[in-house]
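Structure first, then comments.
Each chain gets a letter, A, B, C and D, in the order it is written, and its residues are counted from 1.
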Amino acid sequence: MSNNEQKPLLITADKLRKYYGEVKPVNDISLEIAQGQVLTLVGANGAGKTTLLNLLTGLIRPDRGEIRLLGEKITGVPPDQRAKRGIVKTFQLEHVFDDMTVFDNVRTACFSSAGKHYSLFKDIEDENEINERTGALIELFDLTGVRDAFVRNLGHGYKKVIDIAMCFAMKPKILLVDEPTSGVGEEEKYKIMDLLMNQIEANNLAAIIVEHDLHLVKELSKETIVMCDGEFIARGTPDHVFSQEKVIEILVGKGF
Amino acid sequence: MAQTIINVVPEGTPPVGHIFESQQMLSTFLSYIFNALPMVSYIIMLSFSLNFILYISGRVSLTFAGIYLVGAYVTVSVGTYFLGQNFSLLSFIAILLAVGLLGAAISIVVYATFERFLKTDVHRMIATSSLLMVFSGIIKIQWGTTPVTYSAPFLKMGISEVLGNIVPNYYFFMFGFSLILMLALAYFLFRTAWGLRFRATSLDGDRTMAQVCGVNQNIVTAITFAISGMLAAIAGGLYAPIAGASYGIEGNALLLAALTIIVGGVGSIGGAVLTAFIIGIARVITAVEMPLFELAIPFIIASAVLVVRPYGIWGKEFKH
Amino acid sequence: MNTALSMTVPSVGRRTWITTLIFTAIVVVLPFFISGYQRTLLQKGLLWIPSVFGVYILYSLLRQVHFGQSIFIGLGSYITAFMAGKYSVTNELMILLPLALVVSIVVAYVLGIFIMKRTGFYFAVMGIAVTMVFWSLVYKARTITGGSDGISHIKNPSLFTVPLSDMGLYYFCLIVSVGIIVLMLRVLNSSFSLQLRAIAGDLEKAESIGIPVKRMQRLAFTIAGANAGITGVLLAFSYNYVSPSVFEWGYGANFVQSAIIGGVTSFAGPVVGAFGFINLEFFISTWFANLWEIIIGLTIAIIVVTVGEKGVTGIVQTLFSKIRCK
Amino acid sequence: MLVKRAGSFIVCLTVAVFMMGAMVAGAADQKAKIPTDPIKIGFVVPLSGVAATLSPNAGINAELAAEYINKYEGGILGRQVKPIIYDEKNAQTAVELFGKLTEDDKVEAILGCLSSSSGLAVAPKVEAQWKIPTLLLESTTMALFTKVIPNAKYVYRIGPDDVMQSIAHVTAVLKDKPDVKTIAIGAPDYEWGHDVVKRFQEIMGKFKPDVKFVYTFFHPFGEAGPNFAAYITNVMQNKPDVYVGYSWGSDGVAWHNQAEAMGLFKAVPLVFDVFSGTAKGEMAREGVLAETRAGNGTFPPYILGYPNSKFTPMIVEKTGVLPTYGMDIHMLTGLLYLKKAYEKAYDLTGQYPTFEMVAKTLDGLSVVGPDGISSMINHQSTAPGMAVGRLHKEKETWVMKDLILVPDYLRIVPPWMTVEQFIDTLDKVQK
């Protein structure tokens, strides 16, 4: 927790709550993240990790509690506004625009980040600044080879990378990464993770990464939170957290 | 001559007592329901014809309206040919069932030869609605454009008097028939093993999972289309004695069915029945009290519901 | 490549502009070689283009089927009928066009708020439902709208107080439609269109990269409505008569059918579709009227099944590319 | 009083006819040659769309009407009639088709337009642009000639007009039930429906001011699969002495079915149905008072004059049904008018008649149509065969008994009077 005092607080969530009838995916959770702080979030399926991220991005409205970004209340702000302010999320399953080329995918995000939603009469090819930026991002994420390919024809790994590239096009302050490696082969997994972590470090971003692979988690982050039934049950360095009996019980099961 | 509900109270009538007044209101209210019955039953069947395919297989198929048209015309022709002006309940029901089978056959054939090649909802909607034009064109060539009618069942069944309201018995027959069909469908869906398979592939269930568990998707889809076609054809056959079959009836059928889904929600039998009552009774009341809104009222109801509850009053959200 | 599902809008290149120029040249010269009623047909085709482009934008970018164009055509027509016919306030195009534009934009925006709540089948049915509400109210409000008889004797229009002859009106319509074609080509090639396609592709992702989904959908709906409003005004002037049938959903469906026949994967689609549909309608009603429904219905059904949204232009393009390959 | 007025009207007519005869005799010397090729006549009739439900087989009947003229009447000026038949889809298409007929096909007259909107859209353009003799069949009410084209030259209309028919209806109702006190009246909800109801009430008020209209309703027009139970319930609750109904087409079929099932025909002492028949007489009910109009399947083909005795069998042979109300019959009437107009114009001038000449001669003509004698007065053909009688089924056909014929002078607005003036004179008839 000492980190928080040195760097300014980026996002604070206060007593967030979301119930679906009897199911309580998020139950009075409070969370503070500072600039440049990278958290990993682990927990069994249905522990409420995705719900928490969705609450932060605004896809879901909380029943109770409030969220602040840099001290400003953003609880009722719609997701697109939050994305513009810097809370950007990647998706667990690939969410990309299948019917567009890779370049257009990234370009869309660049346009959005530049706020050019309603420029109705300007040719996209004439928007040099944005096209250059898109080109730079494509290079940065090593997508030059598939620049003009249609996304629908690409593999899983590529789609993940495009998804992440689009997030970076938004110039995020905090990145919410929902299982970046699910459904990706072992080799690609590390490649994607490297890419992601390098960029996060390079831009000094805050991030919450939801991850199942505990080995990865240990490598990735200095701080891990374990979630169960909508509550945080442990927090600290991975080594410390994973040595707790309670946590092992939840993550691995009682049998062991 | 019937007792009346009395709209205009003649002068000099002694003041009516409290009980009589409420009875009178009850009677008026009942008259609204009775007069709405034919429309209610035909909306129930048509809307579920569309709803069933949408719910079970997630497809939008508007062919049912064409089958409705065929059902109406065939019932009139067959009825006139075999029964003429005579009428017997059993033979009429037999005709209806035969027409239902015909509808089922048409539905399966159209699905197998045409609809299954359509890939997206938007394609299905446009292609099947243009198919309606083909149906209507064929009907025009065969039967011409003037209305045809086989009214014997409607006229020969007689009338009942309920609390001063005159109601043709055929209204009860039609409503009962459609209700029995819906109940049978509900029983099939929720109480039988086959129904379980249907529900497993529906929007509520998980199609991939169901296939893994050994549900034959092709058979389920074929039966779904057959049931839908059957409902539509029987709806046409049941309504034809009342209103006659005429060129162009499929448009109205299509609209009412679609609106009912918007109001009642996808896959809800109860929703379809209640919505049918709401729309039917609203039409009857506005026809007499506010003619300006008579034609618009179903659409106004649907729009209002969509604003308040985007997934219908009894519906829930499905992700296609 | 999975062609059936591909709906990518091509980018507007030099060839598109040249084609537009050739098209314009043809329609400018054509009236000198054809008879009066053929000019009327041509004018009708030109006037349909804006409305079909409205459907096209919603279809090719947002993948929604918009049956409600007749609302705005009706509004435009009835505004014209009231101002230049029934109450004879003015027949000045420079007043009526902006007025119809404003009215249809306002109405489209308000309707867009709730019609756009749902997509797909529901959007289509809601379009029809709202159209029918307008139709039945206009039909029933006899004292104001003239009921089923509609409003006749709409005066001929004037432009900057100069009365327009039939030929003058034709060229005015020509300028308006070509102007709208140019405008729409720009819109289709702007960042706006890119983001609409993103919304159609994946709504959640679009939202999560900061695209204001609802507002952009509404804007697209409003653009479609505004286009149809213009069509309405000029159609009323072309035929000097309006009746409530312009509000019927079947009329709005004509524009969807046109778009499908023309094809929505090419910019030429709406233009080809509008002229194609009108000529098909006209010649069927002169040659084999009894088969009207069957021919139109089968045409569309076969186009959808075989080439999807590509329509006639798609077929022609494929043929050309095959010839070129050989 | 009125009888006197009508008498003078007839005298005027006679004098006019004699004068014309004298002119013909004078001009008979030098005559231009008549072309021998067929004369093209354009038909714009509904073959698809909503209006098609109201006129089945319109295309075939147009052909048959032309065939009749060629076979039994010797064509127009000896020229064979060649019909060019198009589908009147909607108002816009109708305008385009009129353009094609005049500009491309070069027809010499046009008949057609069933729906009001087509007629209203087309008529001003004919007057201003195409200037071709045009006979609208059924389309539009009198609003056409009072509001839209007040100084009509080329456009004529064949079909009953609301004043004529309402007078006939009121007379018939009063004759059948002189002590009528309460009336319920219903019509389809479109302009013509509203007009006829208004006229009926107005004229009934002139004849018998103390009659009360207890229930007036307008049901949706041409709605597919209509349900009229609410209206029927209300009619029966109001217990009228007379019910007057104007429902027709598919509405009519549904209305009669539902009214019969609910017992309206038994509960109301007198039912007067204007449209009592369709092709097969589905609407006809025993004992109901009905109007003959034309054909209608409600009276046998031999009743009214010779064209009907030949024309109706032709239609029955080809289509299997009797000609229905309106268009089917009026197409032949229209052709007969044209034949007469062409021949008269030729006789008068000695030249092959121009469109203007034909259009001018059309006014004031009388022909014996399939439905009786009708005359063109003020661009409007008098409603022919306007008789009312009781329906009765004889073997397989419906026939009318106790015909009440309303004399022409009672129901035709003379050219020198406005409709209002004429209606004002009506109350004097009663006295």
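The rule we apply is simple: a residue touches a chain if its C-beta (ideal position, glycine included) is under 8 Å from a C-beta of that chain, and two chains touch if they have at least 3 such contacts.
These numbers come from a predicted model, not from an experiment.
With centres computed as the average of Cα coordinates, no chain lies farther from chain A than D. Computed centre separation for the pair chain A/chain C is 42 angstrom, with centres defined by C-alpha atoms.
Per-chain CA centroids place chain B at a distance of 33 Å from chain C. Annotation: 38 Å between the Cα-based centres of chain B and chain D.
Taking each chain's centre as the average of its CA atoms, chain A and chain D sit 77 Å apart.
Counting partners per residue, chain C has 5, 140, 290, 292-293 as the residues that reach two or more other chains. Residue positions 47-48, 189 of chain D each touch two or more of the other chains. If you draw each protein chain as a dot and join the dots that touch, the picture is not a line, a loop, a star, or fully joined; it has some other shape.
By the contact rule set out at the top, the touching chain pairs are A-C, B-C, B-D, C-D. Residues 57, 59, 78-81, 83-84, 88-89, 91, 95-100, 104-105, 107-109, 111-113, 116-125, 127, 130, 150, 152-153, 163, 166-167, 169-170 of chain A are the ones touching chain C in the complex. Interface residues of chain B, counted against chain C in their complex, comprise 54, 60, 114, 117-123, 125-127, 129-134, 136-138, 140-141, 251, 255, 258-259, 261-262, 291-296, 298-300, 302-303, 306-307, 310, 320.
Contact residues of chain B toward chain D in the complex are 1-2, 4-8, 31-32, 34-36, 38-39, 42, 140, 144-149, 151, 154-155, 159, 165-166, 168, 170-171, 239, 241-244, 246-253, 283-284, 287-288, 291, 294-295. Residues 47-48, 50, 52-53, 55-57, 189, 214, 217-220, 223-227, 229-231, 233-234, 236-239, 249-250, 253-254, 257-258, 260-263, 266-267, 278-279, 282, 321, 324 of chain D touch chain B in their complex.
Chain C contributes residues 35-37, 40-41, 44, 140, 142, 146-150, 152-153, 235, 239-241, 243, 245, 281-282, 284-286, 289-290, 292-293 to its touches with chain D in the complex.
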